[in-house]
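Got some structures for you, see below.
Two complexes, one shared chain (chain A), two partners (chain B, chain C).
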Partner chain A sequence: MRLRDKRCLITGGSRGLGRALVTTFARHGARVAFTYSTHDGDAAEAARLVEAAGGAASRVFKGSVADPAHVKATVDALAAEWGGLDVLVNNAAVTQVLPISLLEEADWDLVMDTNVKGAYLMTRAALRHMIRRRAGHVLMIGNFASERVIEAPAHYAASKAALRGLTDALAREVGRHGVRVNLLAPGLLDVGMSRALPQHRQDEYVARAPLGRLGRAEEVAEFAAFLCSDESAFTTAAKVVVDGGL
Partner chain B sequence: MDDLDEVLRDGFDEYREFVNPLVFQRASLAGEPLRVTRAEDGRLVDAAGLEVEDLHGTQAFGHRHPAIADALRRFLATDAPSWYPSRVNPFAGRLARRLCERTGAYDNAFLACTGSDAVEAALKLARALTRRPGLVSLEGGYHGCTYGSLSLMQQGYLRDPFEPCVAGARAIPFGDVDALARALAGGDVAAVVVEPIQGEGGVRALPDAFVEALCDLTARHGTLLVADEVQTALGRTGRGFLATAGWPRRPDAVLLAKHLGGGLVPISAMLTRRDLFVRAYGEDFAAGESHNTTMGFNALSAVAALAALDLLTPDLLARVRDEGAWLRAALAERLGGSPLVREVRGEGFMLGVALNAPDHPWLGFEHFGYPGLRERPTIAPLVCHRLYRRGFFAFTCGHDWSVLRLQPRFDIPRERLAALVDAIAEAVAWVEGLL
Partner chain C sequence: MPDERLLHETTSLCATCLDAVPARVVATPAGEVWMRKACPAHGEQAARLSTDAAWYEATRAIAPRPSPPPRVAREVERGCPFDCGPCASHAQRVRMPVVTITSACDLACPICYVHNKNDDAFHMPPDEFARVLERLVADAGGELDLINLTGGEPTLHPRLLDLVRLCREAGVRRVSICSHGLGLAKDPDLLAGLAALEARIALSFDTFDAGVDAELKGVRSVAQKLRCLELLDRAGVDTTLIPVMTRGRNDHEIGAILDLALRTACVRHVEVHTVTYAGQGGTSFDRSGRISMVEVLERIAETTGGLLGPADFVPSPSAHPLCYQIAYLLVNPRGGPPVPFTRFLARDDLYAALADHLYLEPGPRLERALQDAIDRLWAQGDDSRALGLLNDLLRTLFPPGRPLERAEALRAAERAVKAVYVHSHMDAETFDVERAYLCCDANVRTDGTQVPVCNDNVLYRDKEPRFMATPRAWGPRAGGRRVLPVVG
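Right after this comes the complex of A and B.
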């Protein structure tokens, strides 16, 4: 129960890695809230799994992390209800598998707005409460696409690389207030956006990875739980890649 | 029964997991509207609220036409069985009669489930009748995925993995009268199978001279002339109920499928003449049942087909002809100046836009990460990719990826057709802008 009673907000929690994060955090004793943008049924299923994992009833917020009003309403509601926020996990992200020739400005903006601006908005809103309490942890979910040389959609890789910079800068800026900022970069997983990649790319990944398989969302979620726990209290500005050794 | 909302939530991923991950990935990568959750006024609506006009052609009446749905509900409200162990199914009998009367040229029908089933029925009819081995088709043809039907197609991804194919089957060049004459000269050909307008082959109508020779030569050599009208029949081409109705000689067999079931249930048919059926299968009771299908004669499908026939009024068929002509002219006018556009062709609501391959390495499949497809043109898939975003689910011809295939529903409003013209013009201009 390494996250017992920690008040955790996870963005993009309805599906894929996000769903594994909310259920794993609940299993570790956290009080879990999550956001989602589109799929009501998936969100309901994720909420059910949180309860099944032994957590208290989760708080669920529908909206885009790139929408400042949604972000403010979400964080304000949690702060009022919970009296603060201990952990923010910026997991919400979108991607499109497009070559640069077909990547349009609107595609670029969508990915950057969700993956980068969304993380900025959520982090800024959460930090207001964390810094006041002089404690807290922000975990960015990056991606191996920004860490390793492998073909990935350019805008997606750029957005995940931006989170590295955001992590570095913020960790230095808010460390003095006792707030930690880390980045966890998963490799290809057996759920979520990875599954949209063409089969030959997945095969290439498996062939090159020393562990010879795709990752499981739960494996990444367990590592995230560790990073967000007090057991890693001396860890900040870390960029941890969990990709099977690629 | 599983919860339907749950199916619409999880079933897409279950398809990827348990049916075919490559189909799922292809659709995702192409940007196709994938998570479609409902139909409204004939169109589709995806989970994000995007309204999608389906141009595949299978849904000629629009998705979930209320008249088809009502007919099925009325049947299910009775206590009539759907399947008859004797195989003597009154609903199949009525549908067969209605189909034959509607065509005015046939008096025997075999009902099945898919277009491929209908092709198989025709091939077996031809061999049983003539006792000859040869089966001739045209290059560029598409006939289905069963062994007989794929054997009629030329080399390619639909055929190569499954070799060897049915012995005696061969394709001759499209529209080549001399090749046809040579193929039939030996007197060993049971059937020639053609599409009046090749769909997957690039929306190519058979030339008149070839049709005349085809009708004449097959009659002279005692070879069955089979018209695969799976794509062209039931009003699609604007020529009427059948695209072959105006041929110098009516084919010995015509094959129907696609929207015969109103888009809600699968059903196909082979129509032929009673004398041919009796000569092929009339020897004894065993011969009479030597070709059959378990579920092809089910009442539910027949009821849907009867309702579909009611929808195919002369007015609707005339509308397909007239609106198709308008759409073709509008496309030709809007696209005429583009260096990427070769031709707008086709008839009725079976149209194709033939495009030139874009000459830039960053628009090739190799750059897209698919070196195995490097010889294929990307142009029609690129235009489709752009059209998806505008709510038009258009298609690339399966055998010719330089041709955009457009088969709207028959009742599509004029303003939607105009919007389609705008969207295609914009998509072509977008590709031009990438060069």
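Right after this comes the complex of A and C.
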């Protein structure tokens, strides 16, 4: 029970890695809230799984992380209900497989708004409460696309690389307030985008990875739980890649 | 003949006794290509192979990638085409395994190029089919891409659904069933069962003209075939239309048939066959109908208003270049004419992307070729429809919100393209062992032997009691000692 009674907000928690994060955190004793943007059925299922994992009823907020009003309402509601926030996981992200030649400004803005601006807005809102308490942890969910030389959509890779900079800068800026900021960069997982990739892309990944397989969302979620726990209290500004050794 | 230019020599068959005879393939002063040969017993024979010698030579010069079969069933004893199994000389692995599951057929088409038997009809039992399947899957390294069930008329097999189910359980990706469609149009349960098993239908469709239909198929079935296609479309069954082209009868309709295919969502491919003079019907069909591959390509260009031209086709790297010509088209989901791949991909790139499969499959080569095409079109400032369609396709395959499952993505990709295959079968008159060596379509028998389909149609099938009430005997000189070329 690494996260017993920790008040955790996870963005993009309804499916894929986000769903694994909310259920794993609940299993580790956390009080879990999550956001989602579109699919009500997925969110309901994730909430059910949180309860099945032994967690208290989760708090669920629908909206875009790029929408300041949604962000403010979410964090304010949790602060009012829980009295503060111990952990923020910036997991919400979108991607599109597009070559630079087809990548229009609107595509760029969509990815940057969700993946970078969303993380900034959520983090800034959460930090007010964390700094006040002089404790807290912000975990950015990056991607191996920003850590390794692989073919990835340019806007997506750029957005995930931006989170590295955000992690470094914030860790230095808010460390004196007792707030830690880390980044966890998963490799190709058995959920999310990998399921739409052509088989040969997956095969190529598996062939290159020393562990010879895709990652499981739960493996990444367990590592995230460790990073957000007090067991890693001396860890900040870390960029941890969990990709099977690619 | 004087003034004829020798293009190559080969071994062919005597059209009468089916014994091997040496043959010369020549270009005539009129620019045509003819095969000339002489049988010691039946005299000189000639058949036109092509109306365009330049096209024939340029196409024949494209050498397919060597890809020998994983297993040799017979050593070379009598020489091609009398040692099929495959023999040690065969140079191409099977890409399209064909299993004849029944000898029964309720039509008697004048152009039928196989032999069928309705009295005491043969229906392959499921356990026998399972053995065939098991061997095919093993030969394919555990993952069989494609299998084609044929006949006769496969829908007359009383346990067709069981056979398809066996294919599904064996993990075969595409199960296609040849059919004239008349039974499917009347049997909604069978059609629903096939749809549920995600079987694909290869529907013969030669003409919109009832008179031509009667001439080619012996029936007036156009309305029933269109009804069948409508039902297949409604059930979402992936369909291949198979028109057999004959010169002067239905070749002017090819554009209309392609238009039907483009308008009908369930149609993935059109596979145009050139009429072949083999089997129970074809052997005696009027020879004026013979049409060559390049003529079909020309008719397609003429009857589609240039939508597709000969330059839009490439051979299959898995077969002899004179056997298959393939064009792919990017479909506009909002309507409007499709765009042939060769308008945005180099022909060499399309040819390379077809390697290892008879059909275009997602893979690194295709992905890279499409990426290059997109970048090139964009960099050139080309405001082409192709770039717009490729853009739409990518955004369909990879929506930003919720990723599609791979199967969904594959389905969406398949729906965005259509293909036109022109497949030129050989008969005894046009038989060329050079092409037989490189055949990738084989009829697979229960004992595991695999016989290239043209060899099967011309030589092997009529020797089998399953398909003939009185099986024919091999000729006394079949595969025997050769004589030197004597024609010219």
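Going forward, the second predicted complex is superposed on the first by the 246 of 246 C-alpha atoms of A that agree within 3 Å, B and C clash if a C-alpha of one lies under 4 Å from a C-alpha of the other, contacts with A are read in each partner's own complex, and residues count from 1 in each chain.
To be clear about the criterion, contacts are C-beta pairs under 8 Å (C-beta built on N, C-alpha and C of every residue); 3 or more make two chains touch, one makes a residue touch a chain.
Keep in mind the model is a prediction, meaning the values are calculated, not measured.
**Student:** Kindly classify A:Thr95 by the partners it touches after superposition: chain B alone (first), chain C alone (second), both, or neither?
**Tutor:** second
**Student:** Which partner, chain B or chain C, touches the larger number of chain A residues?
**Tutor:** Of chain B and chain C, the partner in contact with more residues of chain A is C.
**Student:** Classify the contacts of A:Gly41 with the two partner chains as first (chain B alone), second (chain C alone), both, or neither.
**Tutor:** A:Gly41: touches chain B, not chain C.
**Student:** With both complexes superposed on chain A, which partner does A:Gly192 reach: first (chain B), second (chain C), both or neither?
**Tutor:** Touch partner of A:Gly192: chain C, not chain B.
**Student:** Which of the two partners, first being chain B and second being chain C, lies in contact with A:Val111: first, second, both, or neither?
**Tutor:** Only chain C is touched by A:Val111; chain B is not.
**Student:** What is the shared patch of chain A, the residues that chain B and chain C both contact?
**Tutor:** Residues 38-39, 96-97, 99-102, 195-200 of chain A touch both chain B and chain C.
**Student:** Which residues of chain A touch chain B in the complex?
**Tutor:** Against chain B, the touching part of chain A is residues 38-39, 41-42, 45, 96-97, 99-102, 151, 195-201.
**Student:** Along chain A, where are the residues that touch chain C in the complex?
**Tutor:** Contacts found on chain A: 15, 37-39, 94-102, 107, 110-111, 192-193, 195-200, 204.
**Student:** Looking at the complex, which residues from chain C come into contact with chain A?
**Tutor:** Contacts found on chain C: 362-364, 367, 371, 374-375, 377-379, 390-391, 394-395, 397-406, 408-409.
**Student:** Which residues, counting only chain B, touch chain A once they are in their complex?
**Tutor:** The contact residues of chain B facing chain A are 5-6, 8-10, 16, 21-22, 25, 28-29, 31, 47-48, 360, 362-363, 367-370, 382, 385, 434.
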